[in-house]
Amino acid sequence: MNKRYETIKRAKDGAFKYFGLFCTFFGLIMLAIFIGNILFEGLGRLSWDFITSYSSRLPEKAGILSALMGTVWIMVMTALLAIPGGIGAAIYLEMYAKRTRFGNIVELNIANLAGIPSIIYGLLGLEIFTYQLQMGGSLLAGAMTLALLILPIIIVATREALKAVPRSLIEASFALGATKWQTIRRTVLPAASSGIITSVIIALSRAIGEAAPLIVVGALAYVPFVPTSPTSDFTVLPIQIFNWVSRPQKAFLVNASAAIIVLLCIVFFMNAIAVYLRIKKKIKY
Amino acid sequence: MAEKLKKAEGSFKIESKDVHLYYGDFHALKGINLSMLENTVTALIGPSGCGKSTYLRLLNRMNDLIPDIQIKGQVLIDGQDIYQLKSSEIDHLRRNVGMVFQKPNPFPKSIFENVAYGLRVNGITDKSFIENQVEKTLREAALWDEVKDKLKKSAFELSGGQQQRLCIARALAIEPSIILMDEPASALDPISTGKIEDLIFQLKKDFTIIIVTHNMQQAGRVSDFTGFFYLGELIEFDKTKKIFTNPSKQETENYITGRFG
Amino acid sequence: MMLFSRVIKEKIIVSVLAFCALLTVLTTIGILYVLLSEAFVFFTEVSIVDFLTDTQWTPLFADKHFGILPLLSGTFLTSLIAISVALPIGLTIAIYLNEYAHEQFKTVIKPILELLAAVPTVVYGFFALTVVTPFLQSFFPEMAGFNSLSAGFVMGIMIIPYVSSLSDDAISAVPISLRHGSLALGASRLQTAFRVIVPSAASGIIVSVLLAISRAVGETMIVAVAAGQQPRLTLNPLVPIETITTYIVQVSMGDVPQNSLEYRTIFAAGITLFVFTFILNNIGHWFNKKYHRKYE
């Protein structure tokens, strides 16, 4: 029909292909630039001393010990609180309450919870845990807040893993006279384990990156000690980074870069495990 | 035999010479030699998976969309080898070779826009031309009277048979010279099927039509020539009448008489 | 007897599991209770009309004003910038991966793209403040050190995976026959994508945008680090502003006694944030339900 139109049409199509490729890598390029910049700024600052020193007013003396230990404490406690609750809820919804009235309400509710900003969870923790239950800005208050925050993530992903367990496996177990719970514990959970572990890791990696809800709950910016019990005051890496970023001195920005390297290492390591498990599972089926 | 046909009735519109097609390791078409005359209807029959649809999709290079596919041999349309075309030139080929699919697949647009789509994507902006063309092709597809008052309505509001005729109109609008039909009536009721068959008969005047069908009676009713595919090979190709009354191959006879397939 | 104890055991287990599920409902009730009760007391002291119409937000100063509009405009502005980055890029990625790229490329690249959403947001804030702002200042010398443009831009990068993966779901759900129908008429892949595929997947794409905006509206650390703490009713992307979330963080960093008016302002801000994200999410879910089964 129209020769010129045809040429333009083909050129546009070809150009879009490269534009698509560019867009696909755009965010990743940005991330790479950023990580390069962070490494350039912060790698020199990173040392054993930096990891084993407490925070300080003097940037060159400051370290991340209390923040790092706070992050470890928070992670372990959040995991202990959220994993049983999340998996339990997922089992209940998938195996017992499917298409019941209560099940539907909970499901709708979870969909909504997943969309609530994390800082709102912070307000919940502040009012209920910090003040009404008088936990103060303790690890326990922080971990309970984060546990509630990641509960929906764990539930949704665990249900996916449970759904993927072949029906025939479950029926075989029932046929052998097992009760429902025995079937779940001995057949369904082992079969779904890698999917569940993946979901837990992803959820926890989200939790350790969170700063906002913990700040609201009352975590401190300056903590010159390592937490010793769940009732200790604490800080975490993201809050420490936030604190350093907010300072005017350039030396604190360097500290922030070094702390970001540590935080990113933890987060990427956890994500790498999750991706690895996912790929391994894909190959298995 | 092909030579004889050629001499008798003019030149070939489509010629395929020793065409092989592989999906990965699977040898789906094994040396197909098949030629079609202009303004005829050719039916391709055979059991599921015999390669007839694959062959049909070869003619507008629809198979290109499948990854890991390999094609050998020559496919000539109007004397030009379509597999020599650059991938950017396929749009040109596809404009000349219209296609109607197994299930009606109207776009989520109005009835009017469905027919106008092919014109628009090929750069035609003249409003009155488009309007005329839409009306003309809807008439050709015997759909005009049913839809002329609701051209702005969504195409999804039409019945299955109407949707399929809309898809035929859509294919006709860009004035191809060849129309490929991949079991166009398999998803339709008998009345709609009858309408489609009448339509094919009408369209023969202006187009070269190749139709894949499972329905033996349909092949017998609408086509001039019939090719029988089996396990990736073209077992027999001849005038439809000959194929259905006196096939020269045993496999063809077995299939037509319903002994397998 | 043994059978009896087995039945009891099952019953107990089911109750425990049901309680776990109930926990999520309690969370919602808790959030609503906390926000509503504190906001209720707040609104006995501050008129709701002032809250919604006053153009100043200065609860921490001597001359107190409680107009949420400046915080809302800050939130709106950063989210708008973020979605104008994330929508074109995310949608293009979804189209590219479905219509152009090889299947294998798609399988490899999707988890890598998810990485963008896995980076802690405080880290993104640092990026906005120390890399993007100085870079943009070389084009806009008048740009302030804290501004909504850098924060919004970086937030946009963060939410790319939300848009791309949800749009991808919507686009791959479009029947392949529509794609073939369009290509068979001589349309290019680009024409097919924008004239047939995107309109067919529109509801899913809208959902992805709504959920991504909701994510941006609730995002805290990026804006807290890079956008400033100056509540200001403006659409100028080059000056410091304050979002609802930043205000909550700002107050939390300080020492505000419980039961004070200042303490309640963060719940008033919180309930505003909650209402907005709740509306966005639910329009999204509603849309999804309504249009999901179009092709079945």
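Chains here go by letter, A, B and C, matching the order in which they are written, and residues are numbered from 1 within each.
Going forward, a contact is a pair of C-beta atoms (placed from the backbone, for glycine too) under 8 Å apart; a residue touches a chain by one contact, two chains touch by 3 or more.
Note that the structure is predicted; figures quoted are calculated from it, not measured.
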| item | value |
| --- | --- |
| Most central chain, Cα average position | C |
| Higher-contact pair (C-beta pairs counted), B-C versus A-B | B-C |
| Distance-maximising chain from chain A - centres being C-alpha averages | B |
| Intercentroid distance (Cα basis), chain C paired with chain A, Å | 16 |
| Gap in Å, rounded to a whole number, between the CA centres of chain C and chain B | 49 |
| Whole-Å gap between the CA centroids of chain A and chain B | 54 |
| Residues of chain C engaged with two or more neighbouring chains | 188, 191 |
| Per-residue multi-chain contacts in chain A, two or more chains | 9-10, 13 |
| Shared-contact residues (touching 2 or more other chains) in chain B | 91-92, 95, 121-122, 174 |
| For the chain B and chain A complex, residues of the former touching the latter | 88, 91-92, 95, 121-124, 174 |
| Complex contacts: residues of chain A adjacent to chain C | 9-10, 12-13, 16-17, 19-21, 23-24, 26-28, 30-31, 33-34, 37-38, 84-89, 91-93, 96-97, 102-103, 105-106, 109-113, 115-124, 126-128, 131, 148, 151-152, 155, 179-181, 202, 205-206, 208-212, 215-216, 218, 221, 238, 241-242, 245-246, 253, 256-257, 260, 263-264, 267-268, 271, 275, 278 |
| Chain C - residues contacting chain A, complex | 6, 9-10, 13-14, 16-25, 27-28, 30-31, 34-35, 38, 88-89, 92-93, 95-97, 100-101, 109, 111-113, 115-116, 118-123, 125-127, 129-131, 157, 160-161, 188-191, 193, 211, 214, 217-221, 224-225, 245, 248-249, 252-253, 258, 266-267, 270, 273-274, 277-278, 280-282, 284-285 |
| Touching residues (chain side chain A, partner chain B) in the complex | 1-2, 5-6, 9-10, 13-14 |
| Residue numbers on chain C that touch chain B, as the complex places them | 102-103, 175, 177-188, 191, 195-196, 199-200 |
